[in-house]
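In the two assemblies presented below, subunit A is common to both, partnered first by subunit B and then by subunit C.
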Partner chain A sequence: MKFRTLAWFVGPSVFMMLLFIAFPLASVFLQSFQITQPIVETVEVETCTPGFLGQTCVTETKTTPVLDENGNPTTTTEWVGLLSYARVLQLEQVGAAIASGTWSSILAIDFWKALRFTLTFTLVTLPLVIGLGLAIALAVNNAARSIRGQIIFVSLLPFIITPVIGALSIRWLFYGDGIVTAMLEGMFSTDISVAANGWAIEMLMMFYRVWHVAPFAFVIFYAGLQTVNQDTLESAIIDGASRFERLRFVVVPHLMPLIIFIALIHLMDAYRAFEEVIGFSSQAHRITLQWLTYDLLEPDDAGNRAISRASASAMLTMIGIVILLIPLLRRTWRDHKGSAH
Partner chain B sequence: MATPKALQQPASLRLASASFLAFWCLIAAFPIFWIAVMSFKSPVDAFSANPLNVVFGPTTRADGKGLSIIDIVIGLVVLIAAVRLAFTQLPKWVGRLSPPGMAIIGWLVGAAAYAIAFLIVFFGILPVFLGGLNAVTGPLGAPVLGLTTEHYYAVWIENGFWRNFQNSLIVTAGVVTISLTVGTLAGYGLARSGSNLAFWILIIALIFRALPHSVLVAGYLPVFINSAEILRPILGENAPTLYGQPLAVIAVLVAINQPFTIWMLRSFFQNIPNELDEAARVDGCTHFQAFRWVIMPVMWPGVITTGLFSFLLAYNDLLVTSLLLDAQNQTMVPAIAGYFNRETTTTDQVEAVAAAVSITAPLFLLVMIFQRQIVSGLTAGAVKG
Partner chain C sequence: MKLKTLLMAGAVSLMATAAAQADCAFENDVQVKSLSAGFEAWKAVTDAMAECGNVEAELDQEFRTKQPAAFAANPSLYQIGGVSNGTVTPLLNEGTIRPLDDLVAAHGQNLAPNQLIKIDGQTMAVAMMVNTQHLMYRQDIFDDLGLEVPSTWDGVLEAAAAIKEAGVVDYPLGATMKSGWNLAQDFNNMFLGFGGVFTDADSMPTVNTEAGMKALDMMMRMTEYMDPEYLVSDSTYVQQQFQQGKIAMANLWASRGAAMDDEAESQVVGKVNAAAAPLAMEGGAPATTLWWDGIVIAKNISDEEADAAFRVAMEGLDTEMVTANNDEAIWLISGYQPNRLAEGAIATASADPAPQSYPSTSQMGLMHTALGNELPAFFTGERDAAATLEAVEGAYVTAAKEAGLIE
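Presenting the complex of A and B:
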């Protein structure tokens, strides 16, 4: 295909990606070094109230925004270098915490708290998703052909459901006097309050994520299991391999590319976890990196959005994604080089 | 084909595998099933600590809202008949009535008409008929299962959830149409070109796929809020403020969805043999004509599958829609996030549950109808990965 033809075909798509992905990315990068704020001036205002034997006058200085001819506050944008990053990272407090040996106080800073949780969340759910997905795939492959369709249908539900709704449906089982909590309370005859306990919420959020993603892993592994070489399996049996050894040395190596694929997709998606925080209302206890940016972008009580700090936190989140992706990119590049020769 | 004896599994293994599967199905379906049950009960029952109270709803029944045995039997019969009809007769009607070449539009119209007819029969005619029947049958007509639809009524009619539904419909329809149009062109071009440029476009798309959406939204927000001033020199006085516009959100979601769409469509196009294009080209077609008249007719399964995933992305999105749309134009998912943030009374909470179930119901139908396509889409992405 000639270059011109290719350009006609991919043009619209590339244009949309440039306009709505590459351009915002560049502008976020620039914004993270800038601060836009309204110009304020301090004015002395004398307010007098009528009082006995004369007026009581109070002079106070007020800061008011400078207005332009249309009555809108004028704003100024200045380059501040790494100030926004410093405000997000708060390295001084981190340094002080390390110097004094109080590690836990680092986790009181929003960014480090979010980083700690996001990484734990991603790395703990990863093996669980792969393990559970593989287990379901093996079990379904073992089940009678006639009921497989129904099982796949039920299994797809957690994957297809709107993430916030999925999180909510689990939250309603546990929060307050949800039936599962009530059952646990009955079993151990204690009082459990899930919503007030950070670790309990963290476990629930991980449980939700595994519940949500395992069907995806299952479907892919299940498709992979259909293509396992039966001859290899049979020769393994003749060689006296036990059931577990066959799984370990024949089936799992066959599925390895799929396991890597799922691991990568899961790393990308779990790292940008966001809906869990909304669904479980966990912002008082556990936050994720993407939620941090979201929170900075939301207007605060005075209606201001902390755009520069949000941009800085967004760029920091992105650095993490790039680090996660480097192995994948190197592999794809090698494949491309390999196929070219 | 009988399984060789050496491959037969011991009973204990089969039992363990089956019970594990049953356990997984229970965990997978239970939370969804449970919110569906909760949404039909009065608040006291819905948030009762005793599961039996939630299922049978004694308080709801005491309020005089419930189903009798007759209601349940006849309701189930009508429901099963409706589902059977949808799977056996509906395809025939659609096939007979829709003009040739318009099968997709025929299906959309047919499905919508069927859904409306079902709603009228099930919620309009049936309750009146059963009310009369219950009054004359004595004990069989007495309510045994507490059930009320008042929360759905409150959510959809009183709180104006239909407006959010309408917005969701606009946004998802727009996203699916545009991203498929743009994506099929790009997917075809990339599948048929082995050049380095095509490779780099795909790699960059992969990197874009990994970007957290909040990064992008941080880039849009200042531009969208001030877009009227930025665009004024070009468009004059009519320059729109993009913030809060469903159209702007459609464009954003299409772009975010593009990387995934072109990867998936590319892998579907690669499964179509190259000889097909070559034959068309020998017969004198241009590249575009070959794409339009030879490749597209055999690509429908892939397009439908990709469309499903675009639909899911647009329908399920919370981050972009909640940051870029204002309260008047909100879609369903951010609207429900607002619901449970302001929840104060238990009635509010049950209404939030009812709203959640309302959002889930279309997805449920979707899996039912398109299960095969969803599975093939998931695996197509992985195998070519």
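Presenting the complex of A and C:
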């Protein structure tokens, strides 16, 4: 293909990528090293607010931003190096915790608490998603042709449902006097409070993620199963290979590139877990790195938002994903190079 | 057939608009948009404003994130804003709302003097209702067990113990202690009730104090009588616990009162009464904060638009609207008849010493966030009270440094 033609084809895509991914990313990267502050002054202000019948007036000193001639707050922007990163990581407190030997108190610090949960969440759900997806794919592949369509449709449902709605429906089954909780309480005649226990919420969040993502793995594996070499399978049967041996030595090696693909996608998605925290209101017990970024960015009632720390937290999340992906990417790259020979 | 139905529906709705417009004193021909919270009182007010025509009301629970940016635009994206004393802060700080004195003089003859929110003598907002968290309780249970309505938190705990012993409800107490904003607000109430002050003159935090320790201790003692899932319990959750007869007492928002007598939802119609917010300590103010909700007018709009917007808003805040929606809020507007459930809020607001208004300062915004994020670890048992308050102060200092409030 001529270079000009190629450029016309990829041009729009490259432009979009630059506009919506590269530039925002560069801007977040820069902002994580900067702090923009309004210039503030303290002023005496008398504020009168209503009681029920009369009015109460109080005079207090308030900090207000200085406005320029156009009525906009004046701000200063400073380069602060890695200060925002240090504030997100709270290295001082970590140091103090290590020095005093109370390791567990590190996990009470927001970032480390979020990192602990996000990593557990990602690494525990990964094999479950791949295993369950493969199991469903094998089951559907062996099902009678007449009911295959219906089974595929039902298996795909969790993936179609909007994430937050899916999380909420599972929450409603368990939280308060949810159907499942009420049933369990009836069976064992005890009082169960799912949302009062961190570990129970953690398990529900993982259960939800596996339930939601397994259909994606299923679809990919099911497509892969259609391309398994039937001759190899038949010769394996003639050689006396059991069903498990055929799976172990023929099907899984054939599906390996797909398994790596699913693992890549899942690691990236699960490390950015967010909707589980909202859906299960787990903030008191479990938070994720993505939620931490969101929480820093969300303005409070007075309109303050911690943009620098949010940027630093977002960059740290990205670094985390890259580190997680390195082993898998290296493997794909090796395979790719190997096949070229 | 389908087209005909559509046409019919269109005609009916047109007629409805025409009929509704008749209720407005003037015909508004300037496009006016408003952005406010979405609870019942705002629905009533914006519906009344819409009667004047050309009014587009946006009721959005996320209004607080949208408002500062929308009002900073030039021209402003909305003419009218619905605010409370918590959310008016960024608008005041950034100077995106206009003083209303001229407009009040021209069109505000029906306003009561206590409706005008004055900052340094200038009217910056017009309040329409007050709101506060106060004690709601099941009168029938208190009568059956022969209990006095408690006026202090120690009294609440004693009553809770008696109710627990009688076993008449699932949990004697409810509380809006969902981690985040709600939990922080409950701490604020108790902290102020124990005479606490959030920051000193240099904006440094002062919550790791005796008042802070006492507040956390009292809250922990309360949790013994509550649903163990209290860290996911927001106002709606507590309201439903009341409506379903699961709890006997709670320090709940006055604006939730009407729901107790809603026959479509509530199983306890007429059984819930309200009293002043309990005292945390003898001789102190009720352990709560006072809130107001009201309207502001954007600065970055033409005077003509501002005039129309204010006149429309006055139509929304008139006696007619209050008579039609009397029980939806504790209105400040003339014509309001306080009902049984309003007594608690009125008793709270007129207590001596009276509780503070929720402070509308940048420092308070940061403190509220720090409390909301750090307090849950105390209630899950990960940290003790002293370490928790230390962490709150640490989080506040980091945020205040980043916001430029302290060096």
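Convention: the second predicted complex is superposed on the first by the 302 of 341 C-alpha atoms of A that agree within 3 Å, B and C clash if a C-alpha of one lies under 4 Å from a C-alpha of the other, contacts with A are read in each partner's own complex, and residues count from 1 in each chain.
FYI, a residue touches a chain if its C-beta (ideal position, glycine included) is under 8 Å from a C-beta of that chain, and two chains touch if they have at least 3 such contacts.
Being a predicted model, the structure only gives us computed values, none of them experimental.
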First, second, both or neither for A:256, with subunit B first and subunit C second: neither
Residues of subunit A touched, compared between subunit B and subunit C (which is higher): B
Partner chain in contact with A:98 - subunit B first, subunit C second, else both or neither: neither
Which of subunit B and subunit C A:123 touches, first, second, both or neither: neither
Touched partner set for A:298, first subunit B, second subunit C, both or neither: both
Which of subunit B and subunit C A:176 touches, first, second, both or neither: both
First (subunit B), second (subunit C), both or neither touched by A:13: first
Contacts of A:39 with subunit B and subunit C, given as first, second, both or neither: second
Partner chain(s) touched by A:211 [first = subunit B, second = subunit C, both, neither]: first
Which superposed partner A:57 touches (first subunit B, second subunit C, both, neither): second
Doubly contacted subunit A residues - partners subunit C and subunit B: 176, 281, 298
Touching residues (chain side subunit A, partner subunit B) in the complex: 1, 3, 5-6, 8-10, 12-14, 16-17, 19-28, 31, 36, 132, 135-136, 138-140, 142-143, 149, 151-158, 160-166, 168-170, 172-173, 176-179, 182-183, 211, 215-216, 219-220, 223-224, 237, 243, 257-258, 261-262, 268, 271-272, 274-275, 278, 281, 289-290, 293-294, 297-298, 305, 307, 310-311, 314-315, 317-318, 321-322, 324-325, 328-329, 332-333, 336
In the complex with subunit A, residue positions of subunit C that touch it: 64-65, 68, 72, 85-87, 89-90, 92-96, 113-121, 127, 130, 178-180, 183, 201, 203, 227-232, 237, 290, 292, 299, 330, 332, 345-346, 349-350, 354, 357, 359-366, 368-369, 373, 376-377, 379-380, 382-383, 387, 391, 394, 398-399, 402-405
Of all residues in subunit A, those that touch subunit C in their complex: 35, 37-40, 45-58, 60-65, 67, 71-73, 76, 84, 87, 93, 105, 107-108, 110, 175-176, 193-196, 198, 281, 283-285, 295, 298-304, 306, 308-309
Residues on subunit B engaged by subunit A in the complex (per definition of touch): 6-7, 9, 13-14, 17-18, 20-21, 24-25, 27-29, 31-32, 34-35, 38, 47, 49-51, 54, 181-183, 185-186, 188-190, 192-193, 195, 197-199, 201, 203-223, 251-252, 254-256, 258-259, 262, 287-288, 291, 312, 315-316, 318-319, 323, 333, 336-337, 340-341, 352-353, 356, 359-360, 363-364, 366-368, 371, 374-375, 378-379, 382-383, 385
